[in-house]
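Next up, some structures in structure tokens.
The two complexes that follow have chain A in common; it is paired with chain B in the first and with chain C in the second.
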Partner chain A sequence: MIDSDSVKNLAGHPFDRRDFLKVLGWGGAAAALSGCGNTSIEDGKETVVSYVEAKDYVIPGVAVYFNSTCAQCDAGCSITGKIREGRVLKLEGNPESPINKGKLCGLGQAAVQHHYNPDRVREPLLRKGDKGEAISWEKAYALINEKLAGVKGEEIALLSGDVSGHQKVLLGNYMDSLGSKNHFVYEAVSPAVVRAANLKFYGVEMPRYRIDKAKVVLSFGADFLGTWVSPVHFAQQYAAFRKGVDGQRGVLIQAESKMTLTGANADRWLAVRPGTEGILALGIINALGVSTGDVAELVKDYDKARVSRDTGVEPSNIDKIAALLKLRSPSLVLAGGAAEGYVHGMQNAAAINLLNQVLGNVGKTIEAPVSVPFPQMAPSKGRTAALKDLNDGLAAGKYKVLFNVATNPVFTAPASYKFRDNMAKAGFKVAFAHYLDETALQADLVLPLDSEMEDWGTHVPEYLADTVQINIQQPLMERLHANTRGMGDILLALVKQRRAEEYKAFDDYYGYLRSAVLQNKAALGGAGSDDDTFWNDTLSNGIVKLSGASGALSLKVDVSGLKLPAPKEIDEQYPMNLIPAVTSNLRDGRHTNQPWIQESPDPLTTIVWDSWVEMHPKMALQLGIVEGDIVKVTSKTGSVSAQVYLFPGIYPDAVSIPIGRGHDAMGRYAKGYGVNPFEIMDAVFESATGELAMHETRVNITKTGQRVIVVKDEGPAGGRQMGRKIAARVSTDQVDLSKEV
Partner chain B sequence: MSVTNLLDNWAAVRHFHPIDDKPHDPYKWAMAIDLDACIGCNACAVACYAENNLPVVGREKFKHGQVMHWMRIERYWEEDGRDFPDQGFQFLPMMCQQCEAAPCETVCPVGATNHTQDGLNSQIYNRCIGSRYCSANCPFKVRYFNWYDYPTTENVWPAEMNYQLNPDVTVRGKGVMEKCTFCVQRLRAAEVTAKGEGRIVREGEVQTACQQSCPTGAISFGNLVDPESRVHKQWQAQQVDLDKDAQEKNQKEGGTDLRGYRILEELRSYPSVMYLERVRESAV
Partner chain C sequence: MHRYLCFPAILAGFLMAVGCYAATDQQPTLTTEDDLGPQVQQPIEFPHYRHAGNRNTVDLTNSDPTKGGMEINCQYCHTYARRSLTAGIPPLQKCVGCHQNIPSVRDKPRIVELFKYWDAKKAIPWKKVHDLPDFVRFNHERHIKRFIEQQGRPVQEVCGYCHGQVKEMTTARRQKPITMGWCVSCHMKEHVVVVANKDGIPEGGTPLGKQAYWYTFQKPAETKNAAGELTAKGPNDCWLCHK
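Presenting the complex of A and B:
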């Protein structure tokens, strides 16, 4: 049994550190690395020193495993870290988590490269002209205190990404102690419009989707296998869905303007004119012919001919889909990023939700979520509108002090925001950062954060697969750099500056978390066990599972406000739609400096290490463009130049550039690779929610005359198999799945 | 020997591993990959980088075809004159097929690539002289050559990044060939543990890194000669025999309604990986 003291020691407790787990691991690595030559140990420069007193759970050569939580995205997958000789080597999924059930995506795997990244910030840095000067933490804290003196609460702003658990509690309490209500929760890529539409329709922002119970899934651009909400969880549901309910294999239909990973796995992929997803949904309701009253009235004009003309989907496909949806029930209809990224995004999402209601899916494949019993810890989800509000405030000179918790708005704000300039208007800018990214470079004080493998924390995922779960984050190894700190420890130190009395009992964030968990032991399922046992069990499990109440969805069908605009006329000057693609590896670009991510081929194009402009071969032929041509993509806002990749999975009037590359800072693996589509994104907003309408930008394409070799994994044959049976395919009527194991 | 004679008497010319007096006992490691479950997400490939100390070669070397991904996701689409790939793409995880009569083995001038008792096609790094004949002879193109000394190449494993290296797996130097090993370090550990306890490795006791991470569970791996293993059951249900170069089920009139197949089976390399065809709905 590991007592709480040892756990503290293993974690490299900041105020009570011991030089334990240090020596052996590094020697081994040097030997492995230097091949045939002498190691520094053999050379006598280093000495192998055995422990005077070996800990009973550290056996050289034998791995130990600790549970924690993945922080690469906000899905909240639980992880098990393999640790040997004090080094974390590999992450696996924790089988006990209902969210990821032992599985982990490539992005999650790459978290070790975030932890060991050579470009991490290692010292608190204070701006001296263009340079950062390393200072001590005491000085940094004192400086913050000094800069806050005399500043009114409303002049202080804090920007963070998605946040939950005790970090959210401390953040809230700190802002409260400053008398500020300006906590902006921002994520560059988030399904905020769908959340708003869901809230209106189902009474909750994020219901539980049961892909595994559905016989047909019709997804309007929801990339649930790649990037949407909780991809690893949905991928597992998808596997069950393909195996089938009652032996009938699930059918996936994906309607979107640019193929996503999910679209690439569809039984039928429909290329939809950008922005007409809602029209297609109403067209399908019309073709179903089962609605009455208001709904029938709403869809009566959406006959096949018109819908086909507007959306580009063939009438026969609309018929087939309607027939299939009628025949196989329950089904599930999803609205994703591609549907919500327009001025009328909310209307699109509402039309799609209405289709679910018409099909009778609500309550069958769309269930009420469990509610988190501790609202203070429940997740605050980021919105792009939050950044707009902050930016407006900064532009107006409202804020004197700006805290930025590891977000990168200089990189992810549309260029027209002029965020970099506006940020300069705040007198004192503090960035809590892992890397010197574009935003941290603009700060006056950069405070280096621990990696997720060095830090403590609790997280409550937004999308709960089963019961309520509080995910535990704990250090998997000793802190790699002496002068980084956990965000929790920093917040605790800062809040102590204001409310010393209330927080004096807690030496550090570890102590705070332990007290917090033990204080509520009974509610967390630990009634009857003693403190040490319960705390150790909690850490050992990595998850606290609670039974949460799950009510019914309060469905509210009101179609009176539902009105979809006709497809936009083609703009002569900017004839193409720009689709900024969210890819499963890169997401919003915060992980681009992890080399496995850079070298992991994009699943659809197989391109690595660079950006590209996806263009339909037909359109390319028309424009006289071939693969590798460098084209200039120009919008009203600006232009970028990148290589063309001919890609058949895109609506011909659209081009797509992936988000996440085009960094001009951050680190050696990110800087200088590719272009950033945010630089040409027009600032157009969704009308009901104020979210950035990311798919509304129109562009034109001009050749620059340059051509490069596209660096990609596919061979010269491209997507063709040259008559060989390599990746074989069979249709359902030719195969008997019932005999399978 | 004429080509006709060679083709007619292949079995006599080419030994099948392991040869008769040493049958697959107690292990024959094999795999089955369900392409209908595979979503092409790349989790397996990244897991392989993490487990097997694969170097990240960078943009320039990638351009020259020097990428070292032991596991890659191949991606295909049917062209047949349509405007859009309206039945999606086809993804195929491709790695060493651990052939029973591996074409790479016969051409190695120094015997660096061998067949093991438990049915793996092994690569002995410090015997390899880098002739690259094996790679030339591999029908699946899954062998990767160290054109550079990656451990000392800038930004491959810079300080701290090297701490992630798996101590159970050798870091390869310049001039040697490498490839997927079915995570042999995990197999050996499990085999040794089992032997110490006087039993054989049980189903589920050992997983390859790719299998462990796969979000849809598309990859199954295990001991093909263990009737309890999922892999054994899958191969049997799909009527795919390890030692055939043409499966009986395909000879039947009207073909088969089973979807198990091996890639380039007709080349008689007897791969140890069975794929299950991707399924697409006929109603839409």
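Presenting the complex of A and C:
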């Protein structure tokens, strides 16, 4: 061993550590002052551009805040953007909004990466063979006008996502001016079946749910903390629910075939055989034993033994749930995406809603929504059936001109639709797009849209937490790219081509919006204030709150036509159920190109930047699969290959692949990461509503022989953690380490 | 010893040769040694001395540039410094605000240039003279609060701690090293604490307890200097600059 003395001797000189440091320090100091230390300081190289004329409130280095609306999903959370030196830096929730009360979800936070995304389309592009040629807006508008000449109204179709507010009015007027009624409102992930069931059982499509008032919440696959309807709002209700009503902490039971974020938070999580959610609901009604008449008649066959056999839920659990629901009232039963994604989805949702009626929750934890006083601005909600209709029309060659407003059906339509091919049958396809996504790439003319942080707009959310609110969207900063335009401005320009006289007073969408709002000043709560004050207040609040009348819910119970099929026999060739999972980060995949979305770990699997096949460890054992195996998932429609992730939170007969990845376009952060389950989804439809039954696809799994290490946050890679028991406690002197390793 | 010294010595020597220090036998002091930055070419050769320089004491109305300046307060143009992290460059509007009323210099080449930018409503692409690495967050406002507002020291003196005698320059040139060691050298000094008023609150200061320095978590140890005045060091929490 070398001690400090020998070091000194080695040096042949008394030389201590201090001296050595001094010497080093010398070199270091010189470096810091003259060479390396200053290299990141570039005096005289960077440009500091001052303002030409500065607004009074602008102080470089001090942020200003503007209110606007999050457009990442349709929940309609209000945002406050932090802007410094004319650049939006960070979004927060606007505390004044009853929907999100100052909070924002991760997807909302990532919106700045939508705005600053380097892959945004920047110029109007006209197809020239395989290439897009940049053209001017004037030319683009003229081209649209030219292509519409001689085309009949019924030969024009327009596809959009959820739309509300003044944009909806303008869109409607444009379609009207073209004489077309073919506005297809499409969302790839939407609770359309639940809406239909709600209408039947409560008399409204989307009632107000009061998780915060419930003492027990029984959710059938409604991921209300992650993806369902208005997740930020429900998360806050959930916090109140957990704090408890009358000192009783709320109990959450989640019944679903694949664990969602909400399921992971539940007190009791029940794995249900895919598609039997309705049977379980009827079984619980039976176990409650309180119903009479029609309802009793309906559930009489659903005894515990049968329900347990059908659903895979133990009889004791059915008893416990029934007992809990009896003990604690009011409760709330929710039907979510997992229950509605079957041919009998409507029946499932109806059975679940019936349970609410039986428990007497309607009117207590399910309240009537307020109605929007301007029905023309109320949201048009997207349905998957709309895409089917459009696709059928396209396949039949019915449409000559197709407008697509920032939706991406080529990515989200099941492969068997052959949407890409059918789209080609429309002679002239215009895509209003932020990115060259799969659908925009098929268009003849791509018109680049402003980001939500550059554009004007009004939105009326479907799920209103309190009063009616009209959310204002306003630019948080100037356009990043000179040649993008707001959808409102484009619509105004287009409608002017047809109805110039009617719209001649408006130079731009801003002017249109301002005058439309001011015209209704009194109705919007601005009676008595002058125009400028009211308008400025409206913009600075970011929300216009109105009182709307709430209707009444129907309490009539009508069980006619409620009939649940027995669980499906196992198909020899395709023995497993495919559950396309909607995750809180990715949703339907329209934001996959925001790197924060890609890199924030999935809440349940912690996987980033890639897809996975979620599989129960038992099933994996049976098939001889270990975590990280690349497997081929094959359905009648097609196959995809991805890494296996073993997860006990899934019904053993099911596998799950998240929706949203697997883009083959849409820019550098989306293209080529993961697989797209829509590619293997069978085109099967819900029987009552015609919605796509997303959970009906059956698949089989084969090993490809390849294996990767799953990159994840938890446990050692390769699934060695799985199946391990927590070691029994042994006092330290008795531990035999040789056995432990 | 030679072998051990060899490498650092070569390194130090090399760096000094490359850097702007002349190699001397003495260790350079890290305190207030002036360290001239490069002479930066600006789009308009702005004469600081004309605006901020001392007046011609003999003839106060003399507008001959070689004879004197106008003693304009630094903060008149760099108005953001007292309100923000960054001092900011005055908006063009500010220059023009005065100069459109000063016909006597209107045809001078620099002013002609200035109005060219103004007429085109184009920002002047000034070059940054004092650049800090991105991981350093220097706050102008705090220093101005501390020295100008609390201690009532003259503005030009306070700005000069870091920027040197700008009032004698045309376009500014960096006068100090503006390195961490240099910053810290000042923060390590025992500064006289502002006298507290009868309520124990330092005059003009933020009343946060009895802290002499209120921008830090820890109250710095107070000592008395030879004159019996209460002194304390500047804040030295890492996070103050490295957020």
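Following the convention adopted for this analysis, the second predicted complex is superposed on the first by the 664 of 741 C-alpha atoms of A that agree within 3 Å, B and C clash if a C-alpha of one lies under 4 Å from a C-alpha of the other, contacts with A are read in each partner's own complex, and residues count from 1 in each chain.
The criterion applied here is as follows: a residue touches a chain if its C-beta (ideal position, glycine included) is under 8 Å from a C-beta of that chain, and two chains touch if they have at least 3 such contacts.
A quick note: this is a predicted structure, and the numbers were derived from the prediction, not measured.
Of the two partner chains, chain B is the only one touched by A:Val232; chain C is not. Touch criterion met: A:Ser600 reaches chain B, while chain C stays clear of it.
Using the contact criterion defined above for the overlaid structures, shared-chain residue A:Glu501 touches neither chain B nor chain C, since it reaches no partner.
In the superposed model, more residues of chain A are touched by B than by the other of chain B and chain C. After overlaying the two complexes on the shared chain, residue contacts for A:Lys618 are found with chain B alone; chain C is out of touch. Touch criterion not met for A:Asp130: it reaches neither chain B nor chain C. In the superposition on chain A, A:Glu572 makes contact with neither chain B nor chain C.
In the superposition on chain A, contact is made by A:Ile59 with chain C only, not with chain B. With the contact threshold set out at the top, residues 26, 29, 32-36, 61 of chain A are in contact with chain B in one structure and with chain C in the other. Note for the complex: chain A touches chain B at residues 25-26, 28-29, 32-36, 61, 84-85, 87-93, 100, 102-110, 112-113, 116-118, 225-226, 231-232, 235-236, 238-239, 242, 249, 251, 253-254, 259, 261-271, 317, 320-321, 323-324, 480, 584-585, 595-596, 598-601, 603-604, 606, 608-610, 616, 618, 648-649, 652, 668-669, 673, 709, 711, 713-714, 719-721, 724-737, 739-741. Taken together, the chain C residues at the contact with chain A in this complex read 1, 3-5, 8-9, 11-12, 15-16, 18-21, 27-28, 30, 35, 37-38, 40-41, 80, 83-86, 88-93, 117-118, 121-134, 174, 177-181. Listing the residues of chain A that touch chain C in their complex gives 11-13, 15, 20, 23-24, 26-27, 29-38, 40-54, 59-62. Taken in their complex, chain B has these residues touching chain A: 35-37, 39-43, 45-47, 49-51, 56-59, 62-63, 67, 69, 72-79, 83-92, 149, 151-152, 155, 157-167, 170-171, 173, 209, 212-218, 230, 233-234, 237-238, 257-259, 261, 263-264, 275-284.
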